[in-house]
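Next, two complexes with chain A in common: one pairs it with chain B, the other with chain C.
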Partner chain A sequence: MWKNLYTWLDERFGLDDMYKNLLDRPEPKTSWWNTLGSASLFLFVLQGLTGIFLTVYYTPSPDHAYDSIQYIMEGVAFGWLIRGIHHWGATLMVLVVFIHMLRVFYTASFKYPRELTWLIGIGLFLATLGMGFTGYLLPWNQKSFWATTVGTQIAGTVPLIGDFILKALRGGPDLSALTLQRFFSAHIWMIPAVLAALIGIHLFLIIKHGESHWPKKED
Partner chain B sequence: MNDETKKQINKRYEQELDKGERFWPDSIFRDVVVSLGIFLLLILLASFVGVPFEPKADPSDTSYIPRPEWYFLFLFKFLALYGQLPLIGKIEWLATVLIPTIAIGALTLIPFIEKSPNRYYSKRVLPISFMSVMVVGIVLLTIMSEVPTVTEDGSKLLGTLQTVVGIFIPLLAYILLFVFKKNNRLMIWTASLAAVFMILVSGTVMALAPEKAVEEVEVPATLVDQITAGQDLYAVNCTECHGDDGSVAVIEGVEGLEGEKITPINSRDVLYTITDSAMAEVIAYGRPNAGMPPFGKTYGGELTRSEIDYINIFIRYMWDDRFEAPEIKPLFPPLAEGEVPSYDVHIQPIVKRYCISCHRAGKDNNDFLMTSYDEILTTGDNVEHNVVAGDENSYLLQVIQQHAIMNPDNPGEEMIGVMPPTKALKPDIVDAFTRWIMNGMPQTAEDAAALSGAQP
Partner chain C sequence: MSDSHELSRRDFIKVTTGIVGGLIGAIVGLPSVYYLIDPALREGGKEAWIPIGKFEDMQIGTPYPFSFTRVQVNGWERTASSFGGYAIRKTDSPDELVILNSRCTHLGCTVNWDGKADAYICPCHDAKFSMEGEVLDGPPPRALESYGEHRITEDGTIEIFFKEG
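Coming up: the complex of A and B.
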């Protein structure tokens, strides 16, 4: 019975092929350092899940953002856990992605044929930092408000177009409801979409070229 | 890279694959272990460290020292150090735009900058040394991010040392690395020494760093704490006009507003029609034309956004009958038979709630200040009569028991009105004041306990 079901699904999905191509791949001997990429992926997914829960209660307006977070922490069952994981997950994700990048650099895994994997990786790194930067404003507390004020100010020092960048980021000359709204939008739609697409390409390239082997004397 | 090298690389890879493992289950096993470990770590962090509490954003509070998220701290520190450099320190965009752009650009283009196909460490000493010095610098700058560049005595020593760690040593190391490009051993020495010196100097910086005055911003986190905080703020800022329970309809004892008729702010008329955000605006902007001064920082007052919110929460939960107040701790622990109250435990909270709003600097109060133990005993036009140990005719005791003090030179004239002017204190508070003064005004709980023991 199960066997029939499996065969039926296999005929439409190609489960066996998938198994061969995705899971039963040969790999060089890898080490614990090679787990950092999948750890980044895990954190991305975890951030996505906890983030979706947070949006159920979070309200991106200066009047209510702070209180809605307060409510998540105190009023919602396990809200503190979800927010706690999202908060620390953000920190850990930056750390893990950074160390993943360093390991790729130290083992020279970015060399032929994996140059493009590296380029996509840089995009992932910047997008991860972008997630951190935009997410930081959302609780609308003193720390986040003023950190974003200076953060956007720094962007405003770009010669010639600085003022334009500053206003585009803030949605006006000052931090306001508009700033919060667009940071929120960037944090939950734009940057995650970019991240997801880049991760897709990143993983495709990794499967295509296989994981690089640990460099030996003859490399 | 020519096709020959590419073919060689691919052949090497095939060899390694032959000696290798399977993605499933070999590699994925480790992946799962690490991910689960991370998940556990996150649950522990969320449960036992939690998310630090922060007050609500207050755009008017420009005194707040902004600090970015920790992984941007090194950049922040770098900008601060760079700003100290003579001449180029003034050209801000060099550090904020050009240098980060070059850094990220270089990072991006690494596969095209480092073109050799070699992967083994000893064949890549230059890039590895370069990156290592950079990473050590980033870590150290992050660690030092709390240390000021100019200390309070005006000394720039710490700033200079930090610049040495963050800018000079790395710069020197980079130059030397390129000079020694051909010599692995010298490059390794350069990078190692640079790292050691950077760590030593930043160690010195951390040792010399002024003890960080741990700014204990106690932020009320629970509802009860917020209500209590709101009540204290209300007591200090609002009681003089609105009374401790908001019931004042005719203002008394306030210069310039004597006899002014107002709507009691604990009435439904006010509570049901003024929303939280309108209430916050009333408090922030005041009603300057009608006599209520602005309290929000934005308009020159001294209350922050969160503080105004706490007052709001207090008003709602205590007066608005649509809200159910949680259990609130009593203002002071009730006194047992024969127990002597102390300033620290009993009198201070009472004074803070019922008297300080008028009895602090800058208010009309016969110069009788009540913000500390010493002030209560040593200030006031009638200091020698106000608080006299063991004397039940102390002016303070008289006036809180609804006996105004008449002017001795002119018995027809009231010298000190009853206190607080608008509403009599409850008997238990009068009792606490009486016991306190009759037993010689003990300051600490121990002093009071000793006196309680001495009671027959």
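Coming up: the complex of A and C.
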């Protein structure tokens, strides 16, 4: 029965081909360091899922952001677990993405034909940092408030357009309800959308070109 | 390495990945479901005796309207909910008061006593209820509910027993 169902689906979707080409692709003999890209992908999905669950209770308003997080931590069953995973996952994701990048650099995997994969990777790294920056403000506590004050102030030191950048980030001259709301929007919609799109292209290129081999002495 | 060894090693990895993945999924997944439905599992709130008016002010033949507000803490916010009803006096005995809840049994709008029509009228789908709460017309499936217990205090105030839902 299941076999028939599987054959039926396989004939329309080409599941076997997909499995062969996506998951069973030939790999050169490499190293554990080559698993860090997959680890980054896993962390992205994990942050996405736990983040979606956090939005069930989190409120991006200066009046309630802090209280709603307090409620997540103490009022809801397993709120501490969901937030804990998201909180530590964020730091871990920045770390893992960065080490992944170092490995690609160390093995010189950014060379022809993988220059685009590398450039898109830089975009992915910046977007991941952007997630950390915007997410850090959301609990609306002392630490996050002053960290964002300083962070946006630094962005404001850019010559000529610095003042404009500062106001665009904050939604005005000061940190306010507008800042919290636009950081929230960036954190849950804009940057994740960019990340998802870039990850898609990144993976497409990786499957197209295959994994680069670990360089030998002669290389 | 022989062929069969190569194969079983691959299968071993597949099965282990499946099991470990499934375990991690369950360890995080089940608490996540609990996290989602937690507010629905909370026990209903406090009980209280609510004063609704003086017995002497309630006239035979005219429903006596009353309303009250209860404040509940929902998550990180206090929410005020309004409740209301009508006390219908029939005799000189406070025990025989009928105290109706003005929440329509159709879809929950608040009904109002209309003296001319001699009925409670629901503004939402034009239901009509008799003075004692029976359905006269419209979609409601059953009569208006009444508040459970009531009592009279020493100074003649009627109080109803109320449990937050």
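Things worth noting here:
Note that in this section the second predicted complex is superposed on the first by the 219 of 219 C-alpha atoms of A that agree within 3 Å, B and C clash if a C-alpha of one lies under 4 Å from a C-alpha of the other, contacts with A are read in each partner's own complex, and residues count from 1 in each chain.
Here, a residue touches a chain if its C-beta (ideal position, glycine included) is under 8 Å from a C-beta of that chain, and two chains touch if they have at least 3 such contacts.
No experiment lies behind these values; they were computed from the predicted model shown.
For the composite obtained by overlaying on chain A, chain B and chain C can both be accommodated side by side without a clash. With both structures placed on the common chain, the touch criterion links A:His87 to chain B but leaves chain C unconnected. Put simply, if you stand at the Cα centre of chain A and look at the Cα centres of chain B and chain C, the angle between them is 70 degrees to the nearest 10. Of the two partner chains, neither chain B nor chain C is touched by A:Pro173.
The wider contact with chain A, measured as residues touched, comes from B rather than the other of chain B and chain C. In the superposed model, A:Tyr57 lies in contact with chain C only, and not with chain B. In the overlay built on the shared chain, the residue A:Pro26 is in contact with chain B alone; chain C does not reach it. In the overlay built on the shared chain, the residue A:Asn34 is in contact with chain B alone; chain C does not reach it.
Shared-chain residue A:Gly200: touches no atom of chain B or chain C. Contacts of A:Lys216 after superposition: chain B is touched, whereas chain C is not reached. Of the two partner chains placed by the overlay, neither chain B nor chain C lies in contact with A:Gly14. In the overlay built on the shared chain, the residue A:Pro159 is in contact with chain B alone; chain C does not reach it. Measuring only between alpha carbons, the smallest separation of chain B from chain C in this overlay is 5 Å.
The residues of chain A shared by its contacts with chain B and with chain C are 81, 85.
The touching residues of chain B, when paired with chain A in their complex, are 1, 5-6, 9-10, 12-13, 16-24, 26-28, 30-31, 33-35, 38-39, 41-43, 45-47, 49-51, 54-59, 61, 64-72, 76, 79, 92-93, 96-97, 104, 107-108, 110-112, 114, 117-121, 123-124, 127-128, 131, 135, 222-223, 277.
Per the touch definition, chain A reaches chain C in the complex via residues 49, 53, 56-57, 59, 64, 67-68, 70-71, 75-79, 81-82, 85. Residues of chain A touching chain B in their complex: 19, 22-30, 32, 34-36, 38-39, 42-43, 46, 62-63, 66, 73-74, 80-81, 83-85, 87-89, 91-92, 94-96, 98, 102, 105-115, 118-119, 122, 126, 129, 132-133, 136, 139-147, 149-151, 154, 157-159, 162, 174-175, 210-213, 215-219. Taken in their complex, chain C has these residues touching chain A: 28, 31-32, 34-36, 38-39, 75-77.
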